[in-house]
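Paired with chain B in one complex and with chain C in the other, chain A is shared by the two complexes that follow.
== the complex of A and B ==
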């Protein structure tokens, strides 16, 4: 296992050297190749350049769940926060699948495990500085991890990988006298070394160290939930004034950032602006007019622009339609619909063709009949436990399942969707129509997107009190393995009171056992096999109804440089982007 | 949201109204005010036409299930087989769905799939029948508008009549309350309140609750417009002889308020209500447009408009149809209200 990991490390390093060599070659002979072609950005760097300066303009129709790196779980937010928040490790800055290899950020080298993968040691580089010139220490990273995982619900949004893997009694950083003293699972023998002690073997641990939670936060700088207003920057950009929720976020260069210490950020633009809460149609129109550069949401253009672009010959060269690896699905909440047969009835009755159309047909994605996206090893997209003719649903099987669970006439429940997510709403409406055929009545409830997980569909109390039996959501893999994709949404240990992403609250002993087994398994192929078994079990339990493995339609502005799609975040790599208004 | 301020002037009204009051003997013209008004209204062609439109709209909303059964399809039924999935628009020819001549997608219908089967065409992406969604949308719009207008009128009349009749500190308190309510940022308050209401409240839930909340907000914060008019009328009525007479005969306050004064207020209240309805229709549409109206998939005009925004360039018919529905309804109610006011206004000549 150790050898294998070393091999993996070496491969990662080699890949990044090879790819950066490619990038360099392109930029010297580039110039004429600034137009690109359909889907070119999905697999290679379009418009390579090392030209610095200018303002890179983002806009988004909703908002960050939080700009605090310790309190965020939206993919675009993880991608974007890297501008001002450096993490221990990072994904390789390269197009498509190559981006899933790990590389260093704050760390001096990739972490070293002990024999049984329960202890990991990582050194950070010396001489790293915050925006105020003070030095970044290992203790600050330790505190950043502490506050984002042990905060008594003060920072509800982020995942809890550290909490579930570190050998640590739970505590609350905001209540104990000395958080660093109490937090014994991470040792800091000196200012530049971190030693992580895990409960049990976790061979995929380095992936977690890429997450924004490993951003250093000095104890004195932490303002709890208010920290998001002005995050102390460790990256090439810092906040210019406060983050104003629903309005804007502006970044300017951080003079104390040293490019020589940073392998993943070319930091080309001088300024970065984000407009929040802009109507999606306005964003798309301005994107095409060249008035903004990137849609921050990373989910591509809206339906109006998409329907216009698919028929527009001239626009084809500016479009990327990558297979994002994300799954769009419907949670079937097990505490509300307790009987597995009732949940299976829903699986059988769903008209998958109609749901697929609700997502925009071919260019919107591929019909999903299993949990793991095809890009992840262990996935078997051919498997289908609930088959039906033309994917229109098997009503007889559904009726039989309903009788099995004693609800012959069907039943009624509520389905939660995020406000303003047209495709989610259309999914709910299509599901409502198809379940009606067997007497299952759904009532659609819309909730604000930014509080969806913290207060509504991701809140155990709310779901129970309001009979929310189903909810529509999507999942981008935290990293491209079965564990990185599905553990947070299917492992019983991941269930949280609020900010819950295992929304179905699936707590199946067999599934939990398989997750544990996978983490103690050395061979990636064996692990992949276990992930495949988990996939099947989740489908049997009918806790998650996969809808589509979606494709996004990105409009790639001609003025953007270094544009490529990264599988790690399922959108363009924001760190690489520059602008050339010439 | 401002309300129309062109209610009848308080000075003239009582003279005409006195004709029908209990003490209205000795009237040279034997026709009652209502008869006069009806004759005038019948001559007003614009008012009559808009009145007919209003009646038809109400009938269409009430009998929407029947009309849909005869001419359309259920408003939430999908017709995705008629929709080209990539553009979300109806096929020009549903039987021939192949792209031709090297085009990127098969031809789509410029007119939104209008046909004998789907009178007003199809909604993009889902293919739901627009005709039936407009009709069912009318139910929501008119229901909310009527209920909230009733609430406005009841609250406004009650408080206005008390303020005007009692005078003194009661009048001061109610009048200041009116000022406060008029200064309230109604739209913002509505958005906030619809966002925070629990999913079940006072035995209501789902859309019933949403409609209840919208009706409450519109009714509860618009009563001062009507209360001001009622108060003004009451101020002058309470000094008139028939009120004096009732009082000298020993009639109680309640009798005087509701048996003597209120009947004289029916006309301005009726006229004002007719003018309040279109304002409330627009308010409901605005709320739905902003996403704080009723839950999907129940159709409402405002929500249809906001969904149509996604297709303004590729499928303009989708924005025009609900837009026209709102336009025609509001215009009809306004013109009818104007006609009604003119008919009741004694200054207009016969």
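== the complex of A and C ==
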């Protein structure tokens, strides 16, 4: 076993004093031979093992949005909830891009669509059991979907994919007499079959069936917003005592789970503990000291530890630096900057190199010149519609575009950023500098992060009334396809009055048509091709200025087994992890 | 005497009512002045998909569109008479004193407060003992040996202690004493009743960190107070009578010098009992202070109200106790009263 004292970091966020007491005094070489190499976990399984037992220890500085599988939208919650909540389908347990392939979980086989993808039928396995030994039925899955989408705001956190795609009048499960009878969009002809009826074609519907909302919940077990205290387990682990918000969650083995029915969970540890609300510096330090095993947040080590690790020779073999799956970008709001040529002028004038540095340079991410991240099929990271020498911006082309839209002298507008997001602010400042070169003046406006989409940059009225021409944001796919990534931010149908994520308000008939076409296309390769076309169109319209495809920095503990990065959750695959304390 | 206590308690209750009203006002009226609508407030609690429908449902569920005054009396009503809450198809009884349920975690506020209170009380009382005893002792010694090397060292250290914020000393202590040199275990709270030894070792660092700041202040104040008293005529008289120096210092000088110290101590202890936010955050202790700061960041009104009330109760009670202690510490107050 190898342990290391890396000194420590960040003696105070305010003081930001860095002291380094690098020693390695107690580092002893030896133990297991295969300890991995830099970035190995990004593409392959590090420390493969089938050793069971032990306690896998997680910690996080914040908290779950909810432990209720029907009420969550955080990536790490989705990844983690699979310990106790099985879903209809799942992502293949494999490193990197291979993980985006679908496989079954509760289902007996992948779902069958009708010819126009408006009706999907799926069978679930027989003999599946909850932690109390009672049987899991198709009706329970139907109810799980009902309660997470039609609950009158009681379970507000989750996405609303089912609500927007199912052919169903809205209702409230807690107010109607018989929720299962009212919910007609899903039929259960017998205890093991579900038939979904959709409003319109949706070829990627199976991806939705991997989401935690398809976890079975018996009607009688549902306690509304209190259900998260103790979720009835269908997976290999169950709650050991109540979930205590802000404090902890402990899991122990569920004896009624049958490994033979489960294709995605080796379930190696005997116990799983999660410490909530632990200071980020402490998490990073304990991770390196081997006192915890995984940072639950799945976004990697904090900035202080990161800057120390990248220069530490000894630490390199324990680091993974994969794409986080996110695109950081600047929205160019089409209702405010109406002329496409004016928007293109911004694209040309931007100094991508300085924007890249605003995001931390090499270890922070790769310069993005297109919309779809390289981890998504159909992406073409090589394409660059607005090329320039050394990515410094093409001022002549920008000037020509300005003349084309009748703003020879440039123009002025506002750029919205989220308060406290250092990289976002740095991005806005870098852009402000580069656009100034062609006479485009930006004024930076900061807004509270928590209300950014609901009230400011994501509110149609606010953007128009306050001349918000640009805004800085980031996007992570709900699932790793072109649709899962980009539909919410580029499809005209996704525009909302508030809480709008298509902030550029791009409503291009050609793009909209391609989205519809993709959803009626069966072959994934053909769909990928359509997504590539959408990518190019969005770039031509200059509605989104991609900045970086960012990278996370994970510290991979030596005591962890079966460690690999999964593109589907953009972090380590929690289900695969085990511990070997040597 | 009883009359006096009752009067003080009455004033305390009035103060609590005012604190509650002001918290309500800050939470509801200030945002309104800044142009935030009920929907805007609801956006805090609807996660990543704040669609208009979800916002309206949340406004209705939390009653954010009701007039402030109605919400205020609803709160008082449930505080004194209890209330019922609807979760799913389940109706949950919340007995008086009901502080409601958290907007963001849906856990009962009172239960959460009570479960976190032992941690904060452990932290506060332990640290208070250290800072009071340590601070006063150093202060007395410094005053008596005014100008000595000890005095200068002690006052120099005190100045450092007063100037360094807890997140600095705390993180420094964690980095060196825990992570690097491993002299102390990682502060992880264990209830006193479960394992007294573990409780003690876990709390030492937080105690020392919190006490350092306060002790420094107490040492300086005790020293100043003592020096003033030692210059008084009656001290000269006491010495002239031929009393031993020990008697002069502890019986005649220290007691009056302690009165102002006791006053601050009452306030400080009350404050820390209401949640030592920085210490708890730095050492990742799940006390009332950590609960409070998370709630404030998350704009979780029921929790904010709960911790504010609890903090105010502690201050009122600690002050009352201190006032009752005056006559015991300083005989002159007894004669006057």
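Going forward, the second predicted complex is superposed on the first by the 354 of 582 C-alpha atoms of A that agree within 3 Å, B and C clash if a C-alpha of one lies under 4 Å from a C-alpha of the other, contacts with A are read in each partner's own complex, and residues count from 1 in each chain.
Criterion: a contact is a pair of C-beta atoms (placed from the backbone, for glycine too) under 8 Å apart; a residue touches a chain by one contact, two chains touch by 3 or more.
Note that the coordinates shown come from a computational prediction; the quantities given were computed from them, not determined experimentally.
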First, second, both or neither for A:429, with chain B first and chain C second: first
Which of chain B and chain C A:281 touches, first, second, both or neither: both
First (chain B), second (chain C), both or neither touched by A:450: second
Partner chain in contact with A:374 - chain B first, chain C second, else both or neither: neither
Chain B versus chain C as contact partner of A:358, first or second or both or neither: first
If touched residues of chain A are counted for chain B and for chain C, the larger one: C
Partner chain(s) touched by A:419 [first = chain B, second = chain C, both, neither]: first
Contacts of A:524 with chain B and chain C, given as first, second, both or neither: neither
Which of chain B and chain C A:218 touches, first, second, both or neither: neither
Chain B versus chain C as contact partner of A:439, first or second or both or neither: neither
Doubly contacted residues of chain A, that is, touched by chain B and again by chain C: 279, 281
Complex contact set, residues of chain C against chain A: 36, 39-40, 43-58, 60-61, 86-90, 92, 102, 105-107, 112, 115, 165, 167-168, 171-172, 174-176, 179-180, 186, 281-282, 284, 286, 290-291, 294
Residues of chain B defined as touching chain A within the complex: 76-78, 80, 83, 85-89, 103-105, 124-126, 195, 199-200, 206, 291, 295-297, 307, 309-314
In the complex with chain C, residue positions of chain A that touch it: 5, 7-8, 10-15, 19, 21, 23, 63, 65, 73, 147, 152-154, 156-160, 170, 174, 222-229, 244-247, 275, 277-279, 281-282, 285-286, 289, 291, 450-451, 453-455, 458, 496-499
In the complex, chain A residues that touch chain B: 279-281, 302-304, 306-308, 310-311, 313, 353-354, 356-358, 360-364, 414, 419-420, 422, 425-426, 428-430, 432-433, 443-446, 448, 466
